[in-house]
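Shared between the two complexes below is chain A, which pairs with chain B and chain C, respectively.
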Partner chain A sequence: MKSFIKNNISIIVFMFLLVLGTLLSDNFLTSKNLLNVFRQASIIGIIAAGFTFVRVSGGMDLSLGSTVSLCAVLAMGTLRDTGNQVFPAIIVALLAGAGMGLLNGLLLKFIRGDVSDTYLITLGTALIGSGLAYTYSGGYNIYPKGESAYRIFGIGSVAGFPMPAVILILVLLILQFVLKKTTFGRKVQMIGGNREACYMTGINVHNIRTYTFMIAGICAAIAAIVLTARTNAAAPTSGTGYEFDAIIATIVGGNTADGLRSGMILTLAGILIFSVITNIMNLMNVDTVLQTILKGIILALALWANKLREGEVVH
Partner chain B sequence: MTEYLLEVRNVTKSFPGVKALKGVSIQIRHGEIHAFVGENGAGKSTLMKILNGNYKKDDGVILFNGKEVDITNPVQARELGISIIFQELNLASLLTVAENIFLGRMIRPGEKTVNWKRIYREAGELLNKIGYYIDPHRIVSTLSIAEKQMVEIAKALSFENTKLILMDEPSATLTNKELETLFTIIRDLKKKGVSVIYISHKLEEIFTLCDWVTVLRDGEITGSKPVFEYDENTIIAPMVGREITNVFPKRESDTLKSDELLRVTNLNRKGVLNNISFTLHKGEVLGIAGLVGAGRTEMSRAIFGADYRDGGDIYIAGKKVKIESPEEAIRQGVAYLSEDRKREGLVGINTIKKNLTLANLNSVLKFGLISGKREVIVSQNIIDKLAIKTPSANQIAFNLSGGNQQKTVVGKWLNTEAKIFIFDEPTRGIDVGAKYEIYVLINKLVKEGNGVIMISSELPEVLNMSDRVLIMNRGSISGELTGQDRTAENFIKYAL
Partner chain C sequence: MAAVKQYGSRYKVWFMCIGISLIMTIISKTYMTGNNLRGILISTVPYGIAAIGTTFILISGEKDISMGSTIAFASVACALLLQRMSFGPAVLLTLIFCAMIGAVFGYLVAYLHLGSFMISISVMLSVRGLALFICNQNPVVVANPVVELLGNTRIGAVPFTFLVFVFLTFAAQWFLSRTQFGRNIYVMGCGNEVAESTGVNVRWHKLIVYIIGTVFAGIGGIALMVRMRSGSAVIADGAGITVIPMVIMGGTAFSGGKGGAVRTLSGVLLMNIIYNIMSLYNINMNVQSIVEGAIVLGIVVTNRYMENRNKKI
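Right after this comes the complex of A and B.
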């Protein structure tokens, strides 16, 4: 019984939250509200999915919010400047996301750094990304002229399901596959546990870390596309704060930094828990500042809960 | 004074899935050097950790100086007068030697702030007393394993009311000279009435040093007698439950006609390696002997691409190859079993299964993807082949005993396409039974046409197992012994 609770704690917490939400607000269990939760969850979720790779290998990425902003302004700017050509806009965003990830990886390799250095490095690249976004947009919002097929990514739907949610599910499926079924994914997990031993077993630790950053960056780009498709606008602050939400979701879901416990199912649980909590707080008109404080407490609790489960037998 | 310093009566201890101690009873007298022997997983370390307060016993009674005690944490153990030196070194690597020795006791009663002068002075005195001086200002991470071991000993001796010192494989990393120093210290302690519990796999040490021997097997005491009532042969049966006649398995070797497998020419690294050249043949065990600091590990790491080298070429099967990283070395068929298995051999926090397959993930692929089924089969195969003691392949690697951890590392490399195996201290911390198994394995490897380079500080092992022995001295190869020349005297000649 005890181990069942320990292994499935995220799901139990999620169930509890559903009940709590229903009790606290009449508007909670409506289809309009739940669809909204999904839509919000999607953007954070896509970022969290990519961040999971960084987390599992022991690293941190504080630059994802800036990456979203940069990709957002670049995508919208490309749409505006090419007369609403969707394909170039997407390519530019994805390249920018991958580029930020590559930058993180190269800087880490250059200073021959390890996990603890990723905090400072990504803090630095966050400023770079943000600076580039401001420079490109001149500080203004960017709007494309009129509508285009691009908007499907934000407001379209597939068989009744909102497109953002569909994209999220696709991303989760693909990344779960990569994490669990490829040799690359296995290496990501093992590096988190002991990078020295992995190096001596022939794994190129720096390259693997670079790839995890690039995956996170590309996911941030995808999230930026969904976000800007929904709002049909971009600002150099579009992505601000998203990195914290994504990080909290990944950790709350139960992904540990030592590679022992990892997976998109955990991340999805974290995303849903996080989104439902945010939703309940919004429905109850909790002050934004208070919400941020509560999110911080949730993160601390999740980290503590993760610590307790370290070193147990995984099946 | 009570008859016994320490009495353990019917102590049991279980972990999930494993009964580590099944009702053990022993007696330690005052001023007695008492050996604990037994295979890996027999329960020796577990019992030590209960005495040191790291683990809580499930049942039974412990009497110290006639009084019943309940040792709940290491601080309490120290207050009682029990000190410990762990097999897995327990030092804070970023602090100095002196800070480590007095960790947690930097301020004496009566002092208001740390008296650094006193700390460094007393640390220096302790190290002098041991006869192995290290500058107490040095940062521990810069010390060699042997030096770290000495700091641990100094730390255990720094407690003034110590009546019992627990030593878990203290000699595993020491050279003969350092071992002599250790023995002198222990005999000194005995004279002062301090008792020592000495865990070691090296039976010669036990017969030289100890007064009493207690044998454990599978969590039970299978024998406890004065040392003179045992000899090398009669002690093995209670340890493994069966007779073992040959310590080193026989092997036919015919390497004179054999093909060249690995050739190293003019390997150089400023200040560390000096024009090293040698050849390894198919079917050969090439021993590398030398004193600690001679450069054996450094040479292996250079060949494996783990360390930088200034110059030198590597040829595999006659062809020159580029090896500048472990990745490239492994691709060329070289495997390296590091002497520091905890830091470089295992991803301890993860499962045995995932550790065993890490060096060759291709072995568990099906249609290019990782197959859980194949991984289970491959890993269980290795566990069975090497008799790794574990309730399941999903056990966390760090939960294994030291020797079984080593077997897991060996198993990982056996699962690769490697043809050249560099073993750096392959049987360090492994018991008699498992050692034999590893020797048999090495023989099998070379019989199949592979080549083995064996670095070892255990002279009998390296002299008996190798076809040829290279002796290293201060970064150079100083001599080569073959055939009848493989003696300890010749070793000393070249090693000093």
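Right after this comes the complex of A and C.
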């Protein structure tokens, strides 16, 4: 019983929040509001799903926000220039996302970097990514000419369920399969546990890490597609701040950097906790500034809870 | 010859500053003028002081990207306090607030053993929110004679605030290399277990290091307020991306245990010279960010490549 609570604390917290929200606001437990929560959660969720891979392998990716910006302006720019051709726009965005991940991974491979290097390298590529987004868009918003089939990804729905949420669940299912049921996923989790041991057993540590960064980049690109399809516009600042939201969601869910406890279910729980808290605060008219402060406190609490669960004191 | 080589590698950033300045004197008419040089010196001050605080934290083996928020908080808090009291108490109170933030930060890292980088993200968000909260998201104008005086005073040709910065740098360097506490910080950077087994109270030292780091960021925020004659909660957004490269370029190791305040001074000067040259040649604002990122990556990659080239993993 005790270990059940320990292992599923994020899900229990989520249930508690649902009850709390129902008690605090009459509008909380309506299908409209809950679908809204899902719609808002989906963009952060898709990014967080990809970031989970990086987190599980023990790394950090601070460039996700600018990857979203870059992919958003590129997708909208391509849509505008090709006369609303959907396919090229998606391909360009996905390639840009994968490219940013590849850049991170290759730089880290070149310097044979350890965990702390991922912070600095991704900070640098974040600057380059947002610089490219600004340069491509000239600092202005990009609008495509009129409506197109592209918008399905943002405002369409499947059997009454919003399309972004469907995409989020698809992404989560695929990544859960990759993480838990393939040798590649196993390797990712092992690298988080002990890099040296993995190297000794013949796993190409740096290549695996490069793939995790590419997965994170591609997920950021998918999020950018959903985001731009919803708003039908892209700004070079579209993705600012998303990296921190995704990081918070992943950690609140309880994914640990050593790969011991990981999975898309935890990430989903983290995303939902994060968005339900935001939703409850919005319903109760809490000031956005106070929400920023609370975000920081929630992250610290989640880190603390993760630490308690490890049950060991290092030095 | 060996001595020359040793001095060359030790002071290479200073030599780069001088070399770039000499080249720029030849190819640009405006670079070597009093106004431009004074501009460089003034622009180094706020982020430079914050960078010294960051040096402490990096040497102790921890990470921090929250200094931008602390700078903004200090500028707003000091500007608000100046409406109610005179300059001295306002600065003192601001720094006490910053020390309190640093104490919470340090407690989370040192006593609860939470990862310093993740905690710095959390502190960054919370303190930015706090700064926005106390000023109701409005900029605060400062009309104080002491602030005017501080901002305009020059001693000789050098701005007074820059002299304060240099003084703080040397004080920090003295503290780091001449006191036992400073020495212990280096030991912690090489490994907490090592420090613990040689009898260093790691938790207490880390807490103090974080308080020092945040107070320096606070002084940087006050310097920024003095320069702009106003406090704002949205300034210094992303200062972490600007400050950390300055520290690393000066020669402080991101992995800890190596570095110094005077080295950071050289890194701060070099980065500001580069920014100055970019604005002298009217490089597009949008492209500047790419150049900045390329510089950051260039520094980090060359540094780490040279360190790790014999490692397998």
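To be clear about the criterion, the second predicted complex is superposed on the first by the 310 of 315 C-alpha atoms of A that agree within 3 Å, B and C clash if a C-alpha of one lies under 4 Å from a C-alpha of the other, contacts with A are read in each partner's own complex, and residues count from 1 in each chain.
One rule holds in what follows: a contact is a pair of C-beta atoms (placed from the backbone, for glycine too) under 8 Å apart; a residue touches a chain by one contact, two chains touch by 3 or more.
In this text the structure is predicted, and so the values were computed from the model without any measurement.
Of the two partner chains placed by the overlay, only chain B lies in contact with A:Lys181; chain C stays clear of it. In the superposition on chain A, A:Lys295 makes contact with chain C only, not with chain B.
In the superposition on chain A, A:Asn204 makes contact with chain B only, while chain C stays out of contact range.
Looking at the superposition, the partner that touches the larger set of chain A residues, chain B or chain C, turns out to be C. When the two structures are aligned on the shared chain, A:Leu260 is found in touch with chain B, with no touch to chain C.
When the two complexes are overlaid on their common chain A, residue A:Glu196 makes contact with chain B and with chain C alike.
Comparing the two complexes, residues 196, 199, 313-315 of chain A contact chain B in one case and chain C in the other.
Across the interface of their complex, chain A is touched by residues 63, 65, 108, 112-115, 117-119, 121-130, 132-133, 137, 192-193, 196, 202, 240-241, 244, 248, 254-255, 284-294, 296-297, 300-301, 304-305, 308-309, 311-313 of chain C. Partner chain A is touched in their complex by these residues of chain B: 16, 306, 325-327, 329-331, 336, 338, 343-351, 354, 358-359, 361-362, 365, 369-370, 392, 394-396, 398, 412.
Residues of chain A that touch chain C in their complex: 60, 107, 110-113, 116-117, 119-121, 123-132, 134-135, 138-139, 195-196, 199, 205-206, 244, 247-248, 251, 257, 287, 289-297, 299-300, 303-304, 307, 313-315. Contact residues of chain A toward chain B in the complex are 180-183, 185-187, 189-190, 193-194, 196-204, 258-260, 310-315.
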